[in-house]
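Paired with chain B in one complex and with chain C in the other, chain A is shared by the two complexes that follow.
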Partner chain A sequence: MATSVLVVDDTAFMRLTLKNLLTKNGFSVVGEAENGEDAVQKYFELKPDVVTMDITMPKMDGIVALKSILQRDPSAKIIVCSAMGQKPLVIEALASGAKDFIVKPFQPDRVVEALNKVMSGGSA
Partner chain B sequence: MSEGIEITQELRQAFISEAQEYVQRLNDCLLELEKNSGDADALTEMFRAAHSLKGMAATMGLDGMADFTHEVESVMQAIKDGKIALDEEDTCLFFAAVDAIENMLDQFAAGNDAPAVRGLGCEQVTAQLKALLEAGTTGEGTEAKVLEHSSHLNGMDHTVKVETAKLDELINLIGQLVIARNRLAAFCEAGDVPEEALQEIDQATSGLQDLAMRLRMMPIQSVFRRFPRMVRDVAAELGKKVRLEISGGDTELDRAVVGRMGEPLVHLLRNAVDHGIEPPAIRKELGKPEEGLVRLSARNEGGRVVVEVQDDGAGIDPQRLLEKAIAKGVVSETEARQLNESQILELIFLPGFSTKEQATEVSGRGVGMDIVRNVIASMNGVVEVDSKPGLGTTIRMHLPITLAIVKAMLLKAQEEIFAVPLEFIVENILLDNRAVKSMMKRPVMEWRGEVLPVVSLREAVGLQGQCTGASAVILQTGKRKAVLEVDEIVGQQEIVMKSIGHFLGSVKGISGATILGDGRVSLILDIASLLN
Partner chain C sequence: MEAREWQLDVLKEAGTVGIGNAAKALSSMLCDRMVYVSVPSVRFVPLSEAAWIWGDPEAIILAAYVPFTGGLSGSAVFGLPEDAVRTFMRFMSLAAEVECEMYSIFTEMANIVVTSYLNALSSMTGWVLRPSVPRVAETMAGAVIESVLALMEHTNDSATVIDTTFSLEGGHRLLGGRLILVPDKMSLCGFLQAVEATYCR
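The block that comes next holds the complex of A and B.
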């Protein structure tokens, strides 16, 4: 069965980009969320294998969402998506239990690699 | 970006429409911040919008746009974190920055796959954003990298970035030099210094001063460019159809003047749309085109810059305005009878008319007109109003090109010397007391076929007695002229304007002070209030 992914990002364009990229590489995008609150809710609703979590979002940012998911499900596999200039936040995310990070602009190979690695049990 | 994602047509479309949404959001936030620079929600949202735009642009492989939005984002971050304070000039800068982003988006939508920051003043926008950032951060952490990363944006070899503080320091030093030169001139007159020495210093000073002024000049466009959106928004909010025509954006002014024009123009344009332009249905009934026209223009005129806001709306009914003024106690009925039409129109600049509920009732302008006049007067500018009921209203502002150093005429009243910026003086005349007549108990004089009021400088500044001698100057601001009777015309001098606002508060009839060549302090007359 294809790996199920929840794509979290506040911009529709980025969600579309990731969805296209992931679908093309054999992943199944089962849901999308546009802010942290939405992400937490959808995670427990859909129980995806992996979450790609944007950091900067309205209402609840990706780091808070990540912590709140991991608190209730320590086995959650979350990959954070950051942009250039967000190193400190990436470090915080990793320290909080994110499995890996990918940097915008996305490089397809790097994204696929990160997801595969997370699914095979490796961590950053 | 060969290793990047595949850009499909679908993705392209999604990018353009969402990016446009973010641009709009940036604009909306800026309008909020303009009203309240401490609005934390607007700041956060702006930061996020810039951040999202950056990520999107980078994904699309639009490096120029990604770098530029990153710059904006970094500054927003610094503001959000309290490292830099947002002032009015910065808001202008951000409007310009958002316009640059919008422009790049348009380029991309039109088929340009590598849109770049371009157009009027864009290099300055980038440079100023960087300057802001550098001023506000200590260079640690992410921001420092940001600057490196996008340094190629600034690859204009013939321009140099200068901190405005340094520029101000330069102007100050030149100011001191001007004062020293004037003192030297005084010695020279007394025969203590050879004339050639003075001439050389004179030339060097003028050249330096001129150059420093030109360094401070910037096109007023940076303020104008935010208004299309604002007018569009206000019109939409009120259900009106309004077209804004802008001209003369390349007219240059001292950056300090440009920076202070935002607020008055916001008031004037809002008023034009809100109280000037009629709703479409009413315009149709009146036989006017449904779409109202608001014109915003700037031009050079006789050593000053004229900025105008003109609408083809309802105009102001002077009779109704006067009735309101009397009812409000702004003028007495006796005073009211002596006012001519243009004097009646000027009543809108009085604070009594500036409350919101008045504005709608008065069928004219009102909101913030006193603020407009105060801001303009504080820069030694003059604002005047022209209106034809049914045809529209024009608000015209005459602004000095610079605030720092001006040529002035020195006038004596008793032993005090007062300065009047030269642009207010039409000419010096010999005053024949027999020519002064009385009209409605006020002294007037005929001058070149016009009847002008005669004002005594002594009286205007609260000194005792009649002016002696036979000297006077013809003053003019906008359409208004008057004869100013003085004890003596001392002569012309370049003066360095110092605001006295800080320690004297606002003194009626005085707009500032300067130090003369002989070390004496001279007050600068506020001609606009003198002629009222």
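The block that comes next holds the complex of A and C.
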């Protein structure tokens, strides 16, 4: 069965790009969310295997959403996918429980590799 | 070197490092096309002249306004003139192999370019700089800049502006836009001191 993914990003363009890329590589995108609040709600509705989470979003940012999900489900697998590749932020995201941190703009292979690694039990 | 001259030099260097990182990100989003950038100019612009920062204040541009906070706070404006928008969006859609509404593509482009610029400034100081979600509008260049400076509530009569142009080959000519950074005056002193502490110890 294909790995199910919830894609979280505030721009439709990035959600479509990730959905396209993941679908082509055998993943199943079961839902999309455009802000952190929406992400938390959809996570518990859909229970995806993996979440790709942007940071800079309206209403609730990705780090707050990540913490909120992990508080209720410590086994959640969340990969942060953001342009904010500043070292302290990457450390904060990983320390908060993110399994990996992908800096935008990304190479498609990097995304697929991160998801495969997380699903096989590894993390960054 | 006079304090003011030294400060201009530091800001110019910061602008060069920032736009270098932003251009790398932009190139990656545009199928690795070569992105040309100008040497940043740092100016103290009287607010009464703000509308002319872009050149023609009545030129129609697609602009993203991105306020940012952190050790250094301020605003960034990423803009493309009308004649460049379609080409930039087409290249970005081609690279991502998806078709999408223009505003959404431009918002993501602005987010990545401005954040990449801020990432470089962060690496110069170790400070975290947090951009807000871009606010996008198609409007007159002069109006955008005037609104940004008004929103920053400058009480003084001038703003420090770090201005860079970027371009790429589209057909037989160069198509490009601008990335303008307007740091908040109060946080600028701290930023200059942090850069000095990092580079001059």
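General remarks:
By our rule, the second predicted complex is superposed on the first by the 121 of 124 C-alpha atoms of A that agree within 3 Å, B and C clash if a C-alpha of one lies under 4 Å from a C-alpha of the other, contacts with A are read in each partner's own complex, and residues count from 1 in each chain.
Here, a residue touches a chain if its C-beta (ideal position, glycine included) is under 8 Å from a C-beta of that chain, and two chains touch if they have at least 3 such contacts.
Since we're looking at a predicted model, the values are computed, not measured.
Contact with neither chain B nor chain C is seen for A:K47 once the two complexes are overlaid on the shared chain. When both complexes are overlaid on chain A, the residue A:R72 reaches neither chain B nor chain C.
Of the two partner chains, chain B and chain C are each touched by A:N20.
In the overlay built on the shared chain, the residue A:Q86 is in contact with chain B and with chain C. In the superposed model, A:D109 makes contact with chain B only, not with chain C.
In the superposition on chain A, A:D10 makes contact with both chain B and chain C. Applying the stated touch rule to the two superposed structures, the overlap between the chain B and chain C interfaces on chain A comprises residues 10-14, 16-17, 20, 56-58, 83-88, 104-105.
Chain A meets chain B in the complex at residues 10-14, 16-17, 20-21, 56-58, 83-88, 104-109. Chain B makes touch with chain A in their complex at residues 1, 3-6, 8, 10-11, 14-15, 18-19, 45, 48, 51-52, 54-56, 58-61, 66, 70, 73-74, 141-143, 145-146, 149.
Taken in their complex, chain C has these residues touching chain A: 25, 28-29, 96-98, 100-101, 104-105, 107-108, 111-112, 115-116, 118-119, 122-123, 126, 128-133.
Contact residues of chain A toward chain C in the complex are 10-14, 16-17, 20, 56-58, 82-89, 104-105.
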